[in-house]
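In what follows, structures are represented as structure tokens.
You will see chain A twice below: alongside chain B first, and alongside chain C after that.
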Partner chain A sequence: MRTSSPHRANLLGLAFMTPAMVLLLGFFFLPVVLTSVFAFTNMSTATGISGGSYIVTGNLLRSLTDEGLDAKTIEALGQSSYVIDQAGLEKARAAGVDAKFITEIGERLKDRSFTSASAFERELKTLPSRPTRVRDLKIAAGAFEQSVLNVRYASRGEMEAALLHMLENPPQGAIERIATASYTGWTWTTENFKNLLVAPDTWRIVGNTVFYVVLTLAFNVLVGLFLAITTFYLPSAGSSFFSVLWLLPRITPVVLYAVMWKWFTWEDGFVFNIAQDLGLPAFNYMKGSVASAWTVVILVNGFVGASFGMILFSGALKAIPVQQLWASDVDGASRWQQIRYIILPHMRWPILFVTSYQTLSLLSSYEQIWLTTNGGPGSTTTVWALEAFKTALNNYTGNLQYGLGAAMALILVAVGLVLSIVYLRLFRFDEMMSKPKIEF
Partner chain B sequence: MQISINNFTKTFDGTPVIDDMNLTIRDGEMLALLGPSGCGKSTTLFTISGIHRMDKGQLMFGDRDVSGLPSQKRNVGVVFQNYALYPHMNVFENIAFPLTVRKDNKADIDREVRAIAALTHISELLERRPGQLSGGQQQRVALARALVRKPDVLLLDEPLANLDAKLRLEMRSEIRRIQLETGITAVLVTHDQVEAMSMCDRIAIMKKGEIVQIDTPADMYSNPRTSFVAGFLGNPPISFLSGIAMENSFSVAPIKLRVPLGAHEGIADGTQLKLGVRPEHFGPEGDIAVEGKIAFAETQGRENLYDVALADGSVLRSIQPAGRNWALGDTVRWFIDSKSAFVFSDDGRRL
Partner chain C sequence: MTVLPRFTSAVLATVLLASTATFAMAKDVTISVWAGGTGPTNDYRIEAIKMAVDVVSRQAKISGEDLTIKIESQTWTGWDDFKQAVTLAAESGKAPNIIVSGHEDIGPWSQSGLLRPIEDYVDFDAWPLNQLYPNLIDVSSYDGRIWGIPQDAEARPFFFSKSHLKAIGYSDADIEALPAKVESGEYTLYSMLDDAKKMQDAKVVEPGKGFMPRPNNGTDYWQFYQSFGGEMVDAESGKLVLDRQALTGMYQFFVDAVEKGVVPATYLGTTWDTWHQAVAGDKAGIWHGGTWHKAEWEAKWGLKDFFGQMQYSLIPAGNEKGRANTITHPLVYLLSTGGSDEDATLAAELITTASEPYINALHAVKSGHLAIGSAEATIPFYANDRWTTVATEGLLPKANAIPNNSDFGIVWKAMYKGLEASWTRTNSVADAVKAVETEVRNALGDKIVIR
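Here is the complex of A and B:
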């Protein structure tokens, strides 16, 4: 009886853990794993997410030129040639060319090649059984045309064979390079990260993100604390009214909230009219200037977080035993000293919780910015999460770069994890978690 | 410093809790506020400390009117019932808190805290957090914090309620010692009459927001003004018999009991009366014989307690030295010491 009980307790524990584990796997690990997978591909609207084929296009030739492939090879790739071989003869037969004519071509021109259509056609015209109509002659000539341009090959082998056929003594590695470049499907790559590292935009967006998170976070915590403490000291009738008022940003649907901010700040909006009446510059404050755009972005998100903070802080304040406040009163503490020495220490955990929770959610939030400034003017208020969202899921050019977007998201996840660990260590959450107050 | 409360009235949400109370606490005295739960003891204490404000009335510290002053400016030390120590500060910081907020310099704070810690015997606990202290230690920390800035008044709200019997005895004398040593005016709120009697110079007994009687413990015990006071003091408590006045005697007809009223002559025959008999005034010796059965017996070591059920069902308590023991069910013929019995009118007034 006694010996079996620890074992049973373990199984019971496991049974209790299972739903949590399943949820954790399904809703956390799986998305992260998928993001990591996508991050190392170049998937986009163009490549699709299933396989592709091999094709050399004019565009590809241009980009290969840009990448420094030698001009001779490029020229050769762009050209057609005419080779009289067995395959050509077969093709001609299939195209319905006169059988006698085919035989003549086979006999007289076998294994010769021509670099232009006119030369080949001139040669054909010398044959006795040549067709009388120019059109038929062109059909016959076309059967022997060999070109890789705009021809779709199903496999890499076919593409390489074709290239080998086209190019006489190609430079070292050129075949492989062209074949790789001609692939239209997605491929595994680390290019996303390399590109992000060198793109000048990256660091601007990182700067924007840090600026946004730090300022909004400060607003969240300080205003949340301020509101919670002032309503705490207010008589209860007034405080519940103000609590509800300050909760509005949190409980209003995001879209409605964003629309309200638009009314508030756009041309002919509230601020606009007041500014006009006061003789101040009146313009679209949401998008009209960088400073006002940032102000709007930080306030929009700041108030949402501040009401979240206020709820938490108010709850924590109510949990402070009133005798401690009385004691500090009779000990001679002024209101400010009471806040500093009694209330704030009691608020340590809620403050740390709001700080870390909000850091992480601000890092990954883009909805409000998307709905208000949409990262503008220009891309001055574009933050990392918004850029990732636009890159992967929503942009005007229509070419959605899933791979690049996933790489950006993955970086965000990594930063979030690192920050969580830093917070855990810095604020010693483990102290709070691991030492149960109640002993079993 | 003398404290006077004049015409104090306090109402919570329309319910009067204290009605027109008058109370004077003498300079350097320790006064107990004693009364049943909910009678307004804490309310009175919190009003003196400034945590609650008076709805009506006046509070004087010496000849200074402090009715309108916030608690920060009253210089009172309070020990709360649950101690209300600051959990995030260690013992030193807790005790130092009143001085810290007063912005005393560090050296002074250190000296004062160590001195008061020595007085309350907690010098070796200064580094601990309140959570790491026993109830009695916490209580002494709370006392030290209340005393450290040399308040004019020390207010204690049931400071011993959470302690075990032995610690309670110790702390009783400890608090009294410190109070005498510092000569501070103190108010002790309690509902434990032994505590009140053993620690305090005077006791104020409260009932439903009124002070019923204020006296020294000895006077209060030997000369209660109402049956409520008589019933509140004394352990085991006094027992009451109901009867009527009959020819200058207290009479319970069914058991043919007659106790001469002595000094209280001239009460109209038939008036409803109550007779209060303390357990030590009922036993094998006395002058008025009563017969009954032992309905309850309890030995306390040095003494035995008995409940004696009389023929009409009323009960008299008795306390007797151990040695001659009676058993449950024994029939006894014991005596009331009529000179020491209290006579009360039906509404509880002492006659």
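Here is the complex of A and C:
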């Protein structure tokens, strides 16, 4: 008799689990953690993701004035001048400006000052050794600029140092206040959630999402179950053919599948022509009415889900001991009685799985809607996941609100987790997973 | 004995040094250009840069520089994917050197450090930039700095089918007088709805095709906001403005259009192809678009006689508080912070050369856009083109632009969402306006003035 060390068995188990753990970490926990971080920021296109810098601009001066910063400080911050002094000449040398040109600037313009860049540049253009390239002239001019206005500082320290240099006797706390206001990057906030809570649009999208998930889920499970049972009773050749046929929506690439639906439902498409021939209203069924748009959205997603349900249910059906069905045949049971009293009780686990998996999958799915109705007509078929995607990553104005979009996604994750727990309890998952009471 | 090897070594060293000097002088630079909203009729957005490469390379050669410039270009027909690509590429440090986008992107992109101010790289006192229209330079500026060079300009007119106007009793003289009536405010958006309804009743256009607005989001919808007296920016404080009354008027107008049956409640989201087919094929009564659409209708949709088939005007006023108007939405050449300063300098040179009137006129005439500078407007190739001339003289002077403000996108998104909700009757007009107000107030606080 061979015994193995429990320690080694544990290690082996861990080794087997490792790939799954890595995948779980990389594709679930990490995205969730990052989404959680983003959700509590005001990150957007304007703030950038990787961090901001510090810059005093005209608009900032205006808002600081509105907030009551004293006029003298504002005036000093807004000043921009070009002074030709030794420090400027040194700076120009360090910036790589041509030595001859620097000498001419020193000789001809020393101690002069200019109030605008264009006036100074015009003067520089009169010097014999002026550079041919505009950029070189601008670099030379920039070396003599004495201003904090529109200068981008990488760190708060640099900005504060520049402010201290520019402002004589600044009021108490002014430097810190200006430096804070001049930051262009993102900051931590809980506003995203507050805004979502009070936005009237939120509840409309929640309503749309519930409507979409419930109806599509019902379609998925019921049609999947119907297909599995009917193909189960068909002769095997016929059942294989139908199974493959119903798999097409799932195995067809999403974009192609969406294009096929467009051919099917758009103006001059299949449904359009049939409706016209029958004297029924013929229009773009995908986008032409709210009811038909919802029908298309539910069917597009429903067929994909139904084929998934069919595969799982078919597999489960094959696991039912066939003797039970023969016995019921002997007892004279009808097909319906077989389904009601033998098949369905055996299907509890697959139904649980399909229902819970599809609920979570539908909650987070938006690709098919995006590619077909794009949430329209208007925004009548816009669901939560699509809105989150558009908010964070894809919209016409190009204003990507990563923070707000992430908050929406995080809510989706939370709803998904809650629903998972509810499903587990409702279907008594722990009982199904417990060790069999009979020893094999 | 030692002389020869020393001599040989010296010669060898000289040759080697000389060869490295040659290598050092030979310069291969790749400049990437990405353009949004660019289709077959707008290809000179990129082609102009390629033409500039030829000029700049010849200049370099004459100056004794061995410079080879390669252009890597990418275009997008729409805006959503393009802006997403630019933003995410920039975040991952892979932004193209030159970006061709709408001027309204300057606000957020400059704040996030995605752009270099182009005024640091070019000379606006020198040719050809010294002849650019000052209002277009303003449109390319933000927060006191010039960030881009205007690439084109346009106006967004209203169009009327002449044959359908005649069918409801308009004479040739009436049709000729229509633009003036629109401009004076005598002919309003509601007069237009009446005419669209008459066209449908006369069965010259199908129901729901009397009025065919832009089928999706666009600058155009701000024109209707202005038609009802809306302003986008407070002139005094420079802050963004949301005018509830104007927004209500605008939303109500589209609801009324639906109730009159001249446009369907589910219209938004109609495909561009459907729209082009109807308007170019004289199946629609009245619609609005852009000056550039003429080129597309002629190139792709079989329009033969633009001036014989269509009348154009400003967007009519909606009520006595509003005005007839049109919006110009110039695209601009922008310099990204990607690449080295040396690359950006070269990219700026290419943009400057591409703005040469003869080169830009190719884009303007081919795509139905308008001149970016006074000299361009006098080039015979441009000046003798009837449409560009009438649009430059009749529409462009009355055009204004949407603001360059890093927060404008939030207001725009909310405005369009409200329009969709009221148009499809998902929300009442009052609720839609309230939702927009709530959204922008929460997002922007006192950065927006709500009237």
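The rule is simple: the second predicted complex is superposed on the first by the 281 of 440 C-alpha atoms of A that agree within 3 Å, B and C clash if a C-alpha of one lies under 4 Å from a C-alpha of the other, contacts with A are read in each partner's own complex, and residues count from 1 in each chain.
Throughout what follows, a contact is a pair of C-beta atoms (placed from the backbone, for glycine too) under 8 Å apart; a residue touches a chain by one contact, two chains touch by 3 or more.
No experiment lies behind these values; they were computed from the predicted model shown.
Enquirer: Name the contact category of A:342: first (chain B only), second (chain C only), both, or neither.
Expert: first
Enquirer: Now for A:396: first (chain B), second (chain C), both, or neither, which partner does it touch?
Expert: A:396 contacts chain C only, not chain B.
Enquirer: Once chain A of both complexes is superposed, is A:328 in touch with chain B (first), chain C (second), both, or neither?
Expert: Touch partner of A:328: chain B, not chain C.
Enquirer: Touch check for A:155: first (chain B), second (chain C), both, or neither?
Expert: It touches nothing on chain B or chain C.
Enquirer: Once the structures are superposed on A, label A:44 by its partner contacts, choosing first (chain B), second (chain C), both or neither.
Expert: second
Enquirer: Of the two partners chain B and chain C, which one touches more residues belonging to chain A?
Expert: Counting residues of chain A touched by each partner, the higher count goes to C.
Enquirer: One more residue to check, A:373. First (chain B), second (chain C), both or neither?
Expert: second
Enquirer: Which partner chains sit in contact with A:86 here, chain B, chain C, both or neither? Use first/second/both/neither.
Expert: In the superposed model, A:86 contacts neither chain B nor chain C.
Enquirer: On chain A, what residues does chain B touch that chain C touches as well?
Expert: In chain A, no position sits in both the chain B and chain C interfaces.
Enquirer: Enumerate the contact residues on chain C facing chain A in the complex.
Expert: 63, 79-81, 83-84, 86-87, 91, 101, 104-105, 107-109, 111-114, 117, 120-126, 143-145, 216-218, 237-238, 264-271, 274, 341, 345, 348-349, 406-410, 412-413, 416-417, 420-421, 423-424, 426-427, 431, 434-435, 438-439, 442-443, 446-447
Enquirer: Provide the residue numbers of chain A that touch chain B in the complex, in ascending order.
Expert: Of all residues in chain A, those touching chain B are 321, 323-324, 326-334, 337, 341-342, 345-346, 348.
Enquirer: Which positions of chain B touch chain A when the two form their complex?
Expert: Result: residues 46, 49-51, 70-78, 80-82, 84-86, 88-89, 97-98, 100-102, 145, 149 of chain B touch chain A.
Enquirer: Within their complex, state which residues of chain A touch chain C.
Expert: 44-50, 52-53, 57-59, 62-63, 66, 118, 121-122, 132-135, 137-138, 142, 149-150, 152, 184, 191, 194-195, 198-201, 204, 266-267, 284, 287-290, 293, 373-374, 376-380, 393-401
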